[in-house]
Amino acid sequence: METILKIENLEVKFHTLGGVVNAVNGISYSVEAGKTLGIVGESGCGKSVSMLSVMRLIPNPPGEITGGRILFKGQNLLEVSEEKMEHIRGAEIGMVFQDPMTSLNPVLTIGRQIGEAMMVHNGFSREQAEKRTIELLNLVGIANPDQRIKEYPHQFSGGMRQRVGIAMALACEPDILIADEPTTALDVTIQAQIVELTKRLQAELGMAVIWITHDLGVIADLADRMIVMYAGYIVEEADVFDLYEKPSHPYTLSLLRSLPRVDSSRGGGERLATIPGFPPDGVTIMLGCPFAPRCNFVVDRCRLENPPLIMVNNDHKAACWVDVNTGKERSL
Amino acid sequence: MTRYIIRRILQAIPLLFIISVLLFVLMINTGDPLSTMGGRRVTRPEDRERLSRQLGLDQPIYKQYLFWLIGNDWTKVDLDGDGTAETQGTRKGILRGDFGTSMVQRGKEVTDIILDRLPNTLLLMIPTEIIVIALSLAVGVYSALRQYSATDHIITGLSFIGYSMPIFFIALVSMYIFGVNFKAWGLPYLPTVGMFDPKVGKTTGQVIQHMILPIFSLTVITAAGYSRFVRSQMLEVISEDYIRTARAKGLPNRMVITGHALKNAALPLVTIVGLDVPLLLGGAVVTESIFAWPGMGRLFIDHLSRSDTPVVMGILMMISVAVILSQLITDIIYAWLDPRIRYS
Amino acid sequence: MMGTAESDVIKIQEEFKTEALTPGQLMRMRFVRHKMAVFGLIMLVILILYSFGGAFIFTEAEANFTNTKLRLNPPSAENPFGTDTVGRDILIRTIYGGQISLLIGLAAVVVEVVLGVLIGAIAGYYGGWIDGLLMRFTEAMFNIPQLFLLLVMAKFFGGSVPDINLFGRQFSGSVVVIIVIIGLTSWMYLARIVRANFLSLKEREFVLAAHTTGTSNFSIIFQHILPNSIAPIIVSGTLSVANAILSEAYISFLGLGVKPPTATWGNMLEGAYNYVETAPWLWIFPGLLIVLTVLSINFVGDGLRDAVDPHALVDAG
Amino acid sequence: MKIKLWLTLMTILIVFSMVMTSCSPAATPEPAAEQPSAEQPMEEPAAETPMEEAMEPKVVTFAWTQEPDSLHPFYTNMWFSATLQQLYLCWAWEYDDQNIAYPNLVEEIPSVENGGISDDGLTITLTLRDDIVWSDGTPLTSADFKFTYDMLMDDANSVNSKYPYDALTSVEAPDERTVVMNFPEPFAAWEANFWRGILPKHILQPVYDAEGSMMGADWNMNPTVGCGPYVLDEWESGSYMRFTKNENYWKGIAKIDDVFLQFVPDDAAQTAALLAGDADLGTFIPASDVPTFQDAGLTVFTVDSGYAEGWFINFREMASPAIRDVEVRQAIAMALDRQAISDDLLLGLTHPIETLWDPIAGGAYVSPDIVPWEYNPEAAKTKLENAGYVDSDGDGIREDLDGNPLVLVHGTTIREIRQDIQAVAQQQLREIGIDLAIESQDSDIFFGGYADGAPPAIGEQDIMEWSDSTYFPDPDTDYWLCDQLPSEENPYGYNYYGCDEALDALFQAQLVETDPAARQAIFHEITKYMHDNVLWYGIYSDPDLWVVNSNLTGVKFSGVTPFYNIWEWDFAN
């Protein structure tokens, strides 16, 4: 399997009024061509920031990438020129954003917004771009594409707009599609449609997908591999089945418990589990594990030492001093 | 759209009615046009009594308003003071397009008086507005894109100063520097007052020379506010998600700005300009006064100082109509430029 | 990476909730980070000290002391700002004029806020035909350019107004006239803001709750809703002070402002254009003081707006 | 793209307004250079060749700080308009630089001696010259006089003032050259006030017939037919007015071709224009600029036009009791340093005066027995002590016996010099213990009527200051007549000062006194009485100031008809 994107020790900081926020704290992972990586975590855990770093779209100031490497097809994206980067964005890495209501330009037609990337990257003429745009809209399942390319975003429903967003990201047939919570703002039925669409397109076009979400439910039948992030750290990384079967970090466990289960044996009156407390603010320097204050499994060591990612199983890593299956402290 | 326009125009009618009543009541009570009639001596009692009657100033205010509104040709008026109204009125009233005649320039049609001056005001104001829009777009966008740079700080500071300055101050300063001091230093200097040098005549070159200082002053003040607005709009727009989307598509920066950000940032300016256009019609009263520009603003001041109600009302109503019209036009243009907005 | 999406920053910063800071502290912090606002505040304090502290050094009699032999003297050690057409010292007159100008600025805004809040609150709270009527009226007032309305009103109230005695000093009655007319011609914007605020707030739970407990309309308006829309009122009020000072300068410049003997920065400029060339000190000093004051207030107002508006979090120059 | 369309629209608008403003026929030829001509105006003629100079029209430029409201003599009260009448109109008789009348349209000025005035003073007969014509060649006849009278008296015309024509019973025109005026009782002020401007019947009659009034006549603003040495050529509102010489002027064709009136916004612009040589003549100049003009070689004329700046004392019952006390008034008269005002504020161009009649006929109507009020604060203080005004609480302001502080209200119009005098007076009266509260209003408010609640009319102010004159050059005034007191019944009355029966009788008597010497004697009584009782307190004589290019020759000014000899003016080479 070819590794197309490899992130090593990425560190991102934000300078805010409240102090320096450590948004991403030295994370490493890789994405393989044609596969889907799911990144899960609460708001503010650094999952979006790490993706924006890949696109080099972190606003500076106040954001700053302070360390690490992002290797895309072997070249470090943090070192390439802005011109080169412009080509990589859109042409080689496409991105779909969370809110389809705001991520499309309200005063430009859909056709122009999809087509312009092809005109820039592929040197298409206006006619070629339009032809291809119609094909793309067909591909993402929008009816009457030759009419609709003349329309404006406000004339589309939320789900349709997200389809447009996807078409836009796929316009130049990128090798990676980054989807930053693309379904969060949508109705549940539409969510499923978008997930299905993505799967179909991935099968047809063969690109890698990085799917960011805070909803473990959505990603279950989409991802090949999963990463769970908390407070700027990767706390667990595993194949999708492993993760759901044997979650090895208390945080992952809590996330899974907070999912509503249709097959619940305990009946309808069951109260969903919530995680007490708030994630750390990123400013305060924490000595131990950032999840320790909210953790049910906490031991003394957790408050003193931040656990590294530990291989708990075959290709399954978790950052915890405790084996959550046994409740015993790991001896390391 | 047509229905929307009709509805807006219908809505404007009560609005104009309120405005006219308000202003009329104010104007009628702002001094006596017959006190000295611009002369150095107080008007003789006999003449004042007679003129009050003949010009209808002795009538109760509602009647004066009525005559102003719908005219008095349906009734008779008393000219000779014998207590019986025997002369047929001749006024048609503003609703029938008769703005009346001036008290100061006895017998001269208000419409003629205003039309004499209107082109001069437009001549000064339209170039100003164009320069202001172009300048503030350029400056505002530039400084937004270089937020926190030294240039941005300087531009922001300067625009704050311009924005805080009363126009007469910048006018006096510019007259002092470019008129008085340049002359004293033997540099080519600019004329400070009037529309042209009568010795030379009203040539295009002359008029343009005389336009420079007033336009400069107006531009400094207005562009300061506009560019601040454009800058903040631009800052807002470039933080929008769709700009990030455009960047994520790999568009070069120039295309992101001109293709995606500028139109969104410039759109709200249409509203601001629409609100300001009628003000310009009034010709920035102060500017015209200082630079002795023979426009509407000076006309207003001159006639206000002699309580010439028909002329003052004529100017103010014209401006009010212009305000309403330009709001309507602004809405239409906005709808035309912004696909999201549709009126019905 | 210049000019990239700022919403991300806001989103990110909102994500990293800074629990340590109360909203008040945050506001103060944002304000203090706004360097121009701090500069404006300092400038304003200096100007207030100048106008009100100067009164302890020079008496008002000195401000009005004429000496026709010292007519139109240029600035000198004796008269640092020069003298005017009857030999009064311009420095001392700017001190006393400053008091009135600042007073007019503040008092006119009080009038404006009272009117604007009252009309906006009533229109927004009661809605229906009251709202329709009040808003029509507001719109009508809006449609007449302010300077025109000010001039007409200045003439309307320009008759004889008796002098007033305040704090043992005599003021020309026209000060009150100017305050009132500036207030009367500037409340419309505020009324709209307040109305919009009321429209959205009156449907909120705490208001509905107050209704069910039988609280009177008066107390709902003033004790429940108003305190929640105070921030925009304060910001708009601050900026209005600057506008009021400018308005006073404009009408005074056109000869319809505050009448002698009371000096204001505005009426010191009246007729000064006749001395553009011959006695520039007549208009430069009061003019500069107006510009400085208005500038400082605008800075402070801008800072305040950013401070109460969380979207301006990063806009700390 | 849409922005472009918008810009195009704007451009069209600009071009449109450009065309509209410049489509009026260009007055003067295109200049060779686009430089402001202000740079070297005086050198221009020198640079021309003699041939061209002969062709070049002679133009005299007036800097005019106020634009006339109308050029119809009976629809304007503006000094800046009335003054121009000697350019384009003609009076029956006009006045020379000594303010002495000389016949203009008439053979001679009527008098008892030449039979023009009947012995009972009830009929005045004018005999017109036979060579007088309008500028379009139409003869000017008694019909024009009669027409003028008829128009004035017709209510449909709403003229500014019917004075003094309402004193007549009729005007007759028995033949083309004779005008007969019939009075119900003798009218001593006739010479100074009748036939100031004759209307062209052949122009205005058709308008009157068509519209029932001459109010809307084009001639009012555009009198291209006149009977003066010049006729109006063009008036561009807000910018300029040009008069060109009347080729049919019967006294002789004017030497200067054009008179150009440039409207300047203020004194500063006028001063600049005069100093730069852009204008050849200016008036109503600020006194402080006079030395500058003199240094620059311009000639300054001071011409008595009957105006006097003074304090009108309100002694009506609503006035402060103090001001109604003659001792207080006399104290005030001694407390103001009028000489300093004349010297410092008016740079010695004028002088303090004692009565309203000082600037008339060289002071012939002023009683020789008057002793001018001296500036003497100590004497003023003593007077106040004697009148019972003592500063009992030590605040520097005197109180009367009941402890009421001695506060007087002084009101005036918003003219800079008046507000300056107010400031000076306030300080000087405070020195003798009088608190002067000062206020000022726009003149249309200040001089408003009783019903408007104007401060002088309703008697709110104790002292009112402005510059005024009699029916100059006649000494008559009806300001102090008892029947002119404003009230509910007489809301337009303009005796804002008070009714003094003795004074009233004297004013009544002089107007019907046909013997000049006897009339003069009555005025001596009036002036002495008003001066000693301080019913009017003179500040300074308010002459007209004219600044003229020294290259102009033959320049003379009258106080009544300023440009009476403008047809004789010329440029020296």
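Each chain gets a letter, A, B, C and D, in the order it is written, and its residues are counted from 1.
Just so it is clear, contacts are C-beta pairs under 8 Å (C-beta built on N, C-alpha and C of every residue); 3 or more make two chains touch, one makes a residue touch a chain.
These numbers come from a predicted model, not from an experiment.
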Chain occupying the middle, per Cα centroid | B
Among the chains in this structure, which pair is joined by the largest number of C-beta pairs in contact?
-> B-D
So how far apart, in whole Å, are chain B and chain D when each is placed at the average of its C-alpha atoms?
-> 35
Indicate the whole-number Å distance between the mean C-alpha point of chain A and the mean C-alpha point of chain D.
-> 88
Give, as an integer number of Å, the spacing between the C-alpha centres of chain B and chain A.
-> 55
Rounded Å distance between chain A and chain C, as computed from the means of their C-alpha atoms | 50
Among all residues of chain A, those touching at least two other chains are 57, 61
Note the residues in chain B that touch 2 or more other chains, in rising order.
-> 29-31, 148, 192, 240-241, 243-244, 247, 289-290, 307, 337
Any chance you could list the residues of chain D touching two or more other chains?
-> 266, 272, 442, 445, 448, 452, 454
Hey, which residues of chain A end up touching chain B in the complex?
-> 55, 57, 61, 86-91, 94-95, 97, 99, 102-108, 116-117, 120-121, 152, 154, 165, 168-169, 171-172
Interface residues, chain B side, partner chain D - complex = 29-52, 54-55, 79-81, 87, 90, 101, 104-109, 113, 116-117, 119-120, 122-123, 126-127, 129-130, 188-207, 209, 266, 289-295, 298-299, 302, 305-307, 333, 336-337
Under the touch definition given earlier, write down the residues of chain D that touch chain C in their complex.
-> 266-268, 272, 286, 288-289, 340-341, 343-345, 411, 414, 416, 419-420, 422-424, 426-427, 437-442, 445, 448, 452-455, 460-461
Quick one: which bits of chain C touch chain D in the complex? Just the residue numbers, please.
-> 64-66, 68-69, 71-72, 85-88, 155, 158-161, 163, 170, 172-173, 255-256, 259-261, 271, 273-278
Contacting residues of chain B [partner chain A, same complex] | 148, 240-252, 255, 259-260, 263-264, 267, 337-340
